Amino acid sequence: MEILVYREGAKTVESGFTVEQLPELLKEEKSVIWVDMPEPTDADEQVLLEVFRFHPLTVEDCRENRHYPKVEEFPDYVYFIVHGVTANTSPDRFNTIELDGFLGHNYVITYHHEMFRSINNVKKQLSTSPVACQRGPAFLLHQILDQIVDFYSPVLDDFDERIDQLEENIFSLKQPNNVILENIMELKRSVLRLRRISAKQMDIFYRMSRGEIHLIPQQMLPFYRDIYDHLIRVTDLAENYRDLLSGALEAYLPVVSNRMNEIMKVLTIFSAIMLPLTFIAGVYGMNFEHMPELPTQYGYFVVWGFMLCVAGLMLFLFWRAGWIGSGKKTAKEEGKS
Amino acid sequence: MEILVYREGAKTVESGFTVEQLPELLKEEKSVIWVDMPEPTDADEQVLLEVFRFHPLTVEDCRENRHYPKVEEFPDYVYFIVHGVTANTSPDRFNTIELDGFLGHNYVITYHHEMFRSINNVKKQLSTSPVACQRGPAFLLHQILDQIVDFYSPVLDDFDERIDQLEENIFSLKQPNNVILENIMELKRSVLRLRRISAKQMDIFYRMSRGEIHLIPQQMLPFYRDIYDHLIRVTDLAENYRDLLSGALEAYLPVVSNRMNEIMKVLTIFSAIMLPLTFIAGVYGMNFEHMPELPTQYGYFVVWGFMLCVAGLMLFLFWRAGWIGSGKKTAKEEGKS
Amino acid sequence: MEILVYREGAKTVESGFTVEQLPELLKEEKSVIWVDMPEPTDADEQVLLEVFRFHPLTVEDCRENRHYPKVEEFPDYVYFIVHGVTANTSPDRFNTIELDGFLGHNYVITYHHEMFRSINNVKKQLSTSPVACQRGPAFLLHQILDQIVDFYSPVLDDFDERIDQLEENIFSLKQPNNVILENIMELKRSVLRLRRISAKQMDIFYRMSRGEIHLIPQQMLPFYRDIYDHLIRVTDLAENYRDLLSGALEAYLPVVSNRMNEIMKVLTIFSAIMLPLTFIAGVYGMNFEHMPELPTQYGYFVVWGFMLCVAGLMLFLFWRAGWIGSGKKTAKEEGKS
Amino acid sequence: MEILVYREGAKTVESGFTVEQLPELLKEEKSVIWVDMPEPTDADEQVLLEVFRFHPLTVEDCRENRHYPKVEEFPDYVYFIVHGVTANTSPDRFNTIELDGFLGHNYVITYHHEMFRSINNVKKQLSTSPVACQRGPAFLLHQILDQIVDFYSPVLDDFDERIDQLEENIFSLKQPNNVILENIMELKRSVLRLRRISAKQMDIFYRMSRGEIHLIPQQMLPFYRDIYDHLIRVTDLAENYRDLLSGALEAYLPVVSNRMNEIMKVLTIFSAIMLPLTFIAGVYGMNFEHMPELPTQYGYFVVWGFMLCVAGLMLFLFWRAGWIGSGKKTAKEEGKS
Amino acid sequence: MEILVYREGAKTVESGFTVEQLPELLKEEKSVIWVDMPEPTDADEQVLLEVFRFHPLTVEDCRENRHYPKVEEFPDYVYFIVHGVTANTSPDRFNTIELDGFLGHNYVITYHHEMFRSINNVKKQLSTSPVACQRGPAFLLHQILDQIVDFYSPVLDDFDERIDQLEENIFSLKQPNNVILENIMELKRSVLRLRRISAKQMDIFYRMSRGEIHLIPQQMLPFYRDIYDHLIRVTDLAENYRDLLSGALEAYLPVVSNRMNEIMKVLTIFSAIMLPLTFIAGVYGMNFEHMPELPTQYGYFVVWGFMLCVAGLMLFLFWRAGWIGSGKKTAKEEGKS
């Protein structure tokens, strides 16, 4: 547990307080107290229950690490859960980490089992300048949450890139295989998760930016509305990605079918040329005693000529039907026309 | 019928009361009376109608065992139906059991045709400590309902595991068959059922946790909100599973199509190599008297050589087109690129 | 037109009144008058317009037999349309019949062009006991409507059975054909119709059970809420059936594709075995003068042996690739694993 | 421009007024004035702007002919746009024509670039009886709008018929071709358009029938509610058609796939019978010097017999697998079972 | 930065003011001041912060160029973001440019990084006539926004044309290829973007046209409602295009499948004719010593005749099954029937 205190008018944020000093500190009405609990212990929970007198159920919610974002207002404090992205998250396995927190009239508590880059950033910032604390705990909280939401942006860019590349892979499909499908499924799962989390988070900030939470003063609302706007974009992009992935999956099957058509054509062309030729050769392989063509001088060569004609005719018919040759050219023309 | 009574300030919960004592017990304003009716008889129903004077329609609802979760408020009591999971439920055949119940200002009645693990648990708990009764009937009811909802968690984990394994089966598909499809359909049916039930249950607890039910006092609301939060997660996961299963079904067809492409390729490659060779053999099987190649010394071997060349050329063409060889490698590279 | 009258305190329901007596009867404030108009005539409509003074548009609505369920409140009366199921309806061709009706402060009018089993049942009941009339016209109406909604249950069971059997047919598909598809389409159409009707009906009973209709007294509301609950189940099941049918259609294509894979495999296996063998036979059918194998003593048998080896090798390769043999076993194992 | 005036108590509707008389006529508080502007000129628009003093933007809206149905209330008048069906509309190319109009406290204005059958009908009616005018301008307007909505019915019947026939074509599919697909797409487009228009129109009449428009008096509301009910049906049917067409498209692919299965079966059966036979013939076409079967007396016939056995065995196997014969019968049985 | 000022009653709009004059100008209550900031600099932002005293967050929003349309009301001013179409946008790559702006009680500020044709148009107009300014800043703003929305129309027409042509390409599909699929995907992406933007914009103008923004006076509302109506059409068309593109994608797969059926038929017909003939030829190529047909005078010709019969029979069977010949005719008849 780390306790940071900003006393009104001070030029720095003091740190290094102990738990025992907390009750005293909380009595300073004008101070801003930030209690950060990374990897919290049972003792930390006791502090929440006994010093801050939070509802036992919310403290229990803190401990369990699998809740959805939410905000709950109590007479003296606000309890919230928001989700940040993990440091090494990837579009294939998008994951979030949970930040529990409390906002009181002169304190902010953050409680998390995993490392939050955003919290570290704010701490670093406070070590040089107390600006983030000067406007009260709601502003300090805004600073933390804003950073958390900002860390979604690079993840969204990753999604963007992956989906672009996936679509390209689908259409340039050299070898139909299931890897692309598995990629689509994994991305879809991640996107669904992203959308769920950010939609829930959006609801929270909607409530926060509308003045519903009485501990967030009127003049702070534009700042929370700013985060809300950011989350609208995140949710919107997540929905966009979901649509694009659905489209990718829908487009995949026709691509495979087109490919199957190509394979079938090769087979059909081969069969249609070779079967008649083989038949002709078979005819002159018959052992009838009376076959007028056999004893002729040039019969063999005439048959060869005939067979070449048949093969040529077949090729011509398939070419005219558009099955062979200029395939790519036609495709492009159709596209342009 | 089993009657448990907690008298204010008592250290234990008394049991072993008879139906005849009920009217007397109900007059004790400060007691908490729990009437549990497992496998209820007609006599039990008479008690509901005559001792508790419940509306005949609600008692009829109790008897019929196929209602959806609901809560109905009456002037003196609340009637509710919630669904728990059966003890041996599986993702393939998800099933629920119905618990009917009544909450009065000093009693809780539970009415169920099947065994509820949650009710047994609460009874066991009460036999050692009266804590669950000390805060009034609304808290006792909360204890029962909380347990019922907790039993959904292992079922959700089962779903999770089954869907994961199903997706794996789809992509590792050795032999296209309908078993996977049947599994998807069964799971989908279960998930739809789970979602319906939990969504309906969510509505009930939403109403209960908002203070709409006057028999649930203000200080009990956070406890009911806790169950509500839990049900949000259940419903949300059920929706997630439904999306994943839809995705699995959507992905299945392309997987089968990819497989068909593979089969077609094998067929095409065989035909494209064998048909020309057979034709060549057929040509030299013709019986023309004048075929210059036949009498030559090495004609046979030259033809063999030529046939090998043709076969080699075909293999080379197919290899270059990516139809044979390094298929899996290419797939992985595409995936990674 | 049939007129039934229950006079307060009477032990039986009187019948056999004529139209001319109606104005007199309507003046009896405490009686319950039920006017049933099966296969109504123009004269009946005149009664509605002149004796009851209903709005001409509602009487016109009665006459036209293709309206959706609705309820309209007028200062003195309520006009409603509900739909019952036809006696011989089937899941393939689900059809409803229309019941128009009016509820006044001392009368109920039912107007219908087709026979309603529910109306006959209530009449039969009234001929033995006046209970259904003793609580006023709103209760009498409830009795009729309750019966109408009850008749949906067997139809729903029929749907259930048909869909179960359809799913089974899809997966046990011996011969891909369009009959199953036609069945799915017919059932879907029926289910869509059922859902539409019951959803509209649900809205009506929602309004009726909320006390919106002032002619339905407060103490009658639980009875209407009971019908509403029943319709929730009907609508819910209809939605469930729609989802199952959509799933069935979605599953059908992969089943057909799986089957096509099977057919393709048979073709490929035959071709892959027979084409090389035919080629080998063709080779030794060539007429070259110098073919070292031909004059040998056991050449023929060696070739046979070689051909058997080739065939065996092919079969082995296909078996190893999982194309032949133990197909079903593998399928089950995959399913279980 | 055509001006029709009904003066209170008159027995006929007068016509033949000129624009110059309009200001005078408008002062007659108790008259009902209908100004119809078919193929309106710039002069007509001037009248709207200067005599009636309508907002310039609404007059501009009138001129442009591509607006959606809407209703706008102004202090003295109501401006509305509704869409009627064109006289020769067809399900393939469903099209609507726009009617702009104004309702004032003693006038109705209709403004349209194309001929409206409904307007002609109302005019014809007025030439024989002034009934439609006797209840004021709101009733006159109702008469016009009611006719417009009535003309949707035959179009809906056409849709019904076309979709029925389309479904039949899909399942009786003799020759897979794209014509059916094109039909589905055209119909879908039309249905989407119909639904959009009628849904928008429904909103308008919902507002009109709720008493939101102060120029429509209370006693007129049931008449507007009647049109609203009619539009509910239109929208509902349009949605139904959309669902059916989606279903038809969904069913088309399996039908084509079934057909492909049939084709593949024919190919496979032919190959599976002919390839082994050809191989056998090839074997005895080999030129080995020592082939014990060749010199035998009945070898040729034995081979023929053997080949017939092979062919028969193949046919038997395919028959047992359900690939040949009694296909249709099986199909029906499956359907019935 | 360009400053245009209209002083009440003036005949022209003055321009050429400098930043330094702004504070003075803003004091002129009755003037209309338009500050246009194309390619804004840091100095411009300082003006927004210091002269106009806008909230720092909104100024920051201006700078960042990737926000969604929105409108935010502050006590003295309104901040809005709307999106216009880029000059050279195409349906394949639909793109929008962002216009940030402020509306005060006597000024309009437009802030944009890219060239807006609509702004240039309004400026040109103002250089000849001050009409657009005479009704106050809300009307000036309306003029600008109206132009922006008008520029969507040609883009929509482009979409319309592209989709029409795409559908045609699908059905006239000569050569199945992925170009059409790529086109569909690109268009879909554009349409999704268009719909998102215009839906968000619609919300803004809905609020503006309802009198929610106090800086837009009552008599201006019809003008904003006009833009709102226009955006309803844009959004509606975008939804229509999305539906059409989804339909196009859905129709593509059956088209490809139909084509595959055609290919399979060609293959099957060839195989079914050639395989039996080759078999017959093979039979008479056998080297049995006792083959009664071989020594006959006309055996060879009889076999030729028999082979022609077989081929003819096959062709007849395929023709009767509808696989060959009159394919197109049948298709049309089916379409018409």
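Per-chain residue numbering starts at 1, and chain names A, B, C, D and E are given in the order in which the chains are listed.
As a working rule, contacts are C-beta pairs under 8 Å (C-beta built on N, C-alpha and C of every residue); 3 or more make two chains touch, one makes a residue touch a chain.
What you are looking at is a predicted structure, and each value in this text was computed from that prediction instead of being measured.
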Is it true that over half of the residue numbers where chain B touches chain C are used by both copies, so same, or is it different?
-> different
Rounded to the nearest Å, the gap between Cα centres of chain D and chain E is 25
Chain centres from averaged Cα atoms put chain C and chain E apart, in whole Å, by 40
Multi-partner residues in chain C (2 or more other chains touched) are 253, 257, 260, 264, 267, 271, 275, 278, 282, 285-287, 291
State the ordered list of ring chains, commencing at chain C and continuing via chain D.
-> C, D, E, A, B
Contacts from chain D onto chain E in the complex sit at residues 55, 57-58, 61, 66-68, 70, 72, 165, 169, 174-185, 188-189, 192, 196, 249, 252-253, 256-257, 259-260, 263-264, 266-267, 270-271, 274-275, 277-278, 281-282, 284-287, 291, 293-300, 303-304
Which positions of chain E touch chain D when the two form their complex?
-> 167, 171, 222-223, 225-226, 229, 232-233, 236, 240, 243-244, 247-248, 250-251, 253-255, 257-258, 260-262, 264-265, 267-268, 271-272, 275-276, 278-279, 282-283, 285-292, 322, 327-328, 330-332, 334-335, 337
